[in-house]
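Some structures to go through are shown next.
One chain, chain A, appears in both complexes that follow, with chain B as partner in the first and chain C in the second.
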Partner chain A sequence: MASIHLSGLTKFYGKRRGVEDVSLEVADQEFLTVFGPAGAGKTTTLNLIAGIVTPDGGSIRIGEKTVDALEPADRNVAMVFESYALYPQFTVYQNMAFPLRSPKHRLPTAEVEQRVRHFATMLKIDHLLDRPIQALSNGQRQRTALGRALVRRPDVFLMDEPLSHLDAKLRHSMRAELKEMRGQLGTTTIYVTHDYLEAMSLGDRVAVINQGRILQVGRPEEVYFRPATVEVAQLFGDPEINLVEAKIRGRQASSVRVHALGEEWSFPITPEIGSALDKLTGDSVRLGFRPVDVEVGANGKSSLHGVVYSFEPLGTKSVLTIDSVAGQRIRALVDGRRTFQVDRRIEFGVPGSSVIFFDPESTRYLVRSTRTEGDD
Partner chain B sequence: MTSSRSPLARIGKTVQILLLLLYAVFALFPLLWMFIMSIKPDSQMLTTTFIFTPTLENYATVLHSDYMQFFWNNLIVSVAAVLVSLVVGVPAAYALARFQFKLKEDIAFTILSFRFAPEILVILPLYLIYQRLGLYDTYFGLIWVYQLITLPLLIWILRGFFEDISPDIEAAAQLDGYTWWQVFLQVLLPLVKPGLVAAGLLCFIFAWNSFTFPLLLSNNVQTSTVIALRYLASDTVHYGQVAAAAAISALPEVILALLIQKHLVRGLSFGAVKG
Partner chain C sequence: MAELTLKTLTKVYPQVQTPAVDQLNLAVRDGEFIALLGPSGCGKSTTLRMIAGLESVTAGEIRIGQKLVNGLHPKDRGVGLAFENYALYPPLKVRDNLAFNLRAHGLGAKEIVRRVDEIARTLQIQELLDLKPAALSSGQKQRVNMARAMVRRPSVLLLDEPLSHLDARLRVELRTEIKRLHAEQRFTTIIVTHDQLEAMALADRIAVMNEGKLQQFDTPLEVFNHPANEFVAGFLGEPPMNIFRTVVDSGRLVIPDAEFALPITSGVQKLVGSRKELKLGIRPWGIRVSQTQTTASVPGQVTVVEDLGDETRVGVRYGEILIMSSIPVTRRYRPGLPVYLSFNDEDLNLFDSVTGERLSENGLGSSQPTHETVEKNEIQAPITR
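Here is the complex of A and B:
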């Protein structure tokens, strides 16, 4: 059990940036998910912590110990690889027992046996222990890889997209199991994923990383509701958040009038938003709103007009793409029972409480209404 | 379903077996011919084909001569050459598969290119160098020059095998608490074993059959391949003894190939399919 401190970690592969100036604190027993698109530097970060890759700069501390000069074997870190990295010449049992037979973590045979069986039962692979790795399904391999990491009771768990090669159904059930398991283990964990749902559902906190830099670290609801930049907002949520350039045309104490999407409309604002808008230098601002918040067919004050461009039913929800007056397409998530015909004219609206304001220059988060969140 | 397919399938199977049989005869005929010649007396050598009085006299003559001494020489030189190649080639193959360094592909290609050069082309400068260095007519000299034959082969076969192993597996084993050497010996070597066996055997065959190098770089420390020639003198030609010597000489290769047959097929096909 230990906390992890990364400061200024930098790694370049030739001219290509792996990570640059990554600083991160992970508390003891915390479960941190690292989320980012492919090639963002997630795996590099894990490999740096594990000692598989040597950094060009920066420092890593695990607990009270600076581990920069330590070999991977001496860092007491266990890792689950995206490729599982199981030993193909061994059986499931031999794979799981391998760390416990190493010179570093050697245990008496009886205890090895007891531990392997304990975790195999926990992972529901106890009936497969004598099978060779080739005879396993992807899900079973994944569990074996997890088991090999678990048997050791390391200071830190590093998990590199352990669920990414599983089919959707298995992935969802494994996600739930992992969540349950982390409660039982209580080991500090860094979990890398490119699936924002996984990142939000598993993590105590989420670190968003892209192009080798950390964009935001925060609790899942913070990252989702108050994204630090437009980029973070775009990475979370499917369909992607709608981003609209707007000109502020007039403002009263409790509402604002904007020109956006080719129309002029207004919506109510909180005093907090008001004071943030006052600090803006120009009159332009970037608005972000999630597809799920778009109200289609609403007849409120802020009604906008558009034409249905496409309609994809997904079961409980449907994705509606609307051509706005200005031509920009707006994505909306509507109830699955409603149907829309393509090319039909419709009205839609955006409730003021769901709008996120971004600085148009720096693309940084400015403000949003606090009404949607109960806890702060 | 089986009734409609089975006659056709049976014909196909029969044809397949016949063709394989034909190929087996084709491939094994030289061996058979050599064996027949080795048990023919010299007098009947050119007069008959399959009908003759078999004799073991050729073998007796060869075995009682100093031929066996050269047979052992060949064994010593070839085995040592393969061992040296393994010790040098395995790390080299690993490095060429794993690490990124300047001129990597050029170095790999240069190693391979040793196999391109006809031996006869380089033998004269080598002869002069060997004379000057005192390596002429020594075991060490032969073992060294055999590296030209065995090392490129071994490195190129094993490189493919190492490339097939995910670097993650190495990292995983290191995180599991093993040092690099333990990872190499306990995880990597077992995984490349089929390649190691196949490459080792091929190297041995090439080294064992080498003719030009021992012919010109050695005199007293001579190998059986070269010595078999002396049964072909200018006045008399003992075909039977040549055949017997060749049959004895082929024995180690045949035995070795049979012993490691299982690994060999796997080794030669595995690397190719996956690489």
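Here is the complex of A and C:
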């Protein structure tokens, strides 16, 4: 069991930046997800911790021990990759027992057996121990790969997109089961993924990374509801968050009037938002609101007008794309039982409590209403 | 544009026992958008290639309009084929990309100009004609790609996984664009995809295929809400439907060796009949999670909670089975909490435990989505369009 401390980690591949000045603290037994798009520097970070890649600068501590000079095998970290890297002709048992038979980690046979069975039961593959890998489904292979990493009882788990090449259906159920098991593992884990649902579901905290730099580290609801920048906001959610340039036209104690999307409209604000807006130098602000928060239909609260550009049913929800008066397209996620016809005029609105304010110049987070995050 | 009819269309490859496509019947209406949906190897691409004439037909008929096209050369069938997006020639202007196929087919220069202008007008890409592909936005590229497939005035437009290799953001954007184009043009279109969201979003009707056989052919909502069998139920929907085996025991559906026992209502009993066991399917959104017990609720304990921003998923384990529900955002649930699950009859999908077939033609109770509202909110506000 151990905490992990990364300070100022930097790695360039020639001129290309792998990661730059990455500093992170992972607490003992914490599960940290590292989330970002392809090429963000996620795997480089993992490889640096594992010792597979040598940093240009910075330092890594695991527990109280600085590991910069240690060989990968001496760092007591276990990696789980996207490709399972199992021995196909071996059985599940042989694959899981393999790390415990290496010269470095050799254990007595009885203890090997006890450990393999313990983790096989946890992973629900105890009935498969005598099967060769070739005879397993993808989900079972993934469990075996996890099991092989678990039996070593490492200080640290490093997981590199372990679910990413399962099909979508299996990914959802494996993610839930992995989360269900998390409590029993109790091992400090860094889990790399490009899937925001995985990052949010599994992580105690999420480190958002792009182009080799950490953009934000926070609890899942922090990165989702209070994204540090516009870029972070865009990385979470499907369809993507709506972003709108607005001019502030007037403000009362509890509401603000803006010109945006070609119309003037107002919505209620909290005192916190008010004082944040007071600090703005100009009258420009960028508004972000998620498709799920857009209210469609003449329900009294709507004050914006548009024309249906496209309507895409997805089952329980549907995506409605609206041409606003200004021409900018807005996406709304609506109840799957409603239907909309293309080219029809509609009203829509955005509740003040769901608007995120960003600085239009720096694109940094300014403020949002505190009445969010699912508080009961 | 024209209708398209497939009659017992079959493809058998040499040395392969099972047909790649097995007696497929499909009647596509003029102007309709159809998705062929299924996992890899289900026969959807083979079907498309047979329609296009790129693959020989073992048995059966393909008719475009009234005309049997089985023996016709691909270029004589009147089909336009658009593969993956961005298959545009980078050094050529949009105009020349569009003209390329027409030149290859020996059309006169004047006619080519006329056709290119016509399709550019139709798809509203006139201002792009003198640009090169690199200068186009992704949405514009999609339009040009479609224009190129349509410039020969096909009767049927065939799209082969046009979005599958794009990143998520672009895929959503271009999906919207294709949908919009179809709403504008109403060309008869067949798309092949393995992405159930894409099929749902785009198609008027979805043909779900598995192992060469048609599983169900119906509107997206019907396929989603009333899947014909266990395969369709499991293939559509994300997160996936919970599907698990139950046995009938003293008027209840029971998960063997677990605490799950759901009282059978009279409506459900009609479908269960004398069966001793069946598969129960429930979508994550069809589950109510509560801390209050009711007569028909199933007690359980939360084992996993996923906070996903605007949605919370709560898992309750019954032995081998982890039942996942999807509920509005709430912080109320934590692992270890005792809860009660309850379900409306119309959210229960019952499948035969052997054949996997749905236990009713019309589903349970209401045969339609609970209510369907067509927006009629015409307004007087000024619209600048």
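Annotations for the structure displayed:
Convention: the second predicted complex is superposed on the first by the 354 of 376 C-alpha atoms of A that agree within 3 Å, B and C clash if a C-alpha of one lies under 4 Å from a C-alpha of the other, contacts with A are read in each partner's own complex, and residues count from 1 in each chain.
Simple rule for what comes next: contacts are C-beta pairs under 8 Å (C-beta built on N, C-alpha and C of every residue); 3 or more make two chains touch, one makes a residue touch a chain.
Worth saying up front: this structure is predicted, and the values here are computed from it rather than measured.
On the shared subunit chain A, the superposed partners chain B and chain C are arranged side by side without overlap.
Within the superposed three-chain arrangement, the count of touched residues of chain A is higher for C, of the candidates chain B and chain C. In the superposition on chain A, contact is made by A:Val292 with chain C only, not with chain B. Applying the stated contact rule after C-alpha superposition, one finds that A:Pro99 touches chain B and leaves chain C untouched. When both complexes are overlaid on chain A, the residue A:Tyr87 reaches chain B alone and has no touch with chain C. In the superposition on chain A, contact is made by A:Pro313 with chain C only, not with chain B. Chain centres taken from Cα atoms put the angle at chain A, between chain B and chain C, at 80 degrees to the nearest 10. Touch criterion not met for A:Arg16: it reaches neither chain B nor chain C.
With both structures placed on the common chain, the touch criterion links A:Thr321 to chain C but leaves chain B unconnected. Annotation: superposed on chain A, chain B and chain C show a minimal Cα-Cα gap of 10 Å.
Shared contact residues on chain A (touching chain B in one structure, chain C in the other): none found. On chain C, the positions that touch chain A within their shared complex are 39, 167-169, 172, 175-177, 179-180, 183, 197, 200-202, 220-221, 224, 234-240, 283, 285, 303-304, 306-310, 312-313, 315, 317, 320, 322, 324, 328-332, 335, 369-375, 377-379, 381-385.
On the side of chain B, the complex with chain A involves touching residues 166, 168-169, 171-179, 182, 187, 190-191. If you check the complex, the residues on chain A that touch chain B are 47, 50, 52, 71-73, 75, 77-79, 81-83, 85-89, 98-99, 102-105, 148, 152.
Only residues 37-38, 124, 167-169, 172-173, 175-177, 179-180, 183, 197, 200-201, 220-221, 224-225, 234, 236-240, 262, 290, 292-293, 296-298, 305-307, 309-316, 319, 321, 323, 325, 336-347, 373-376 of chain A touch chain C when the two sit together in their complex.
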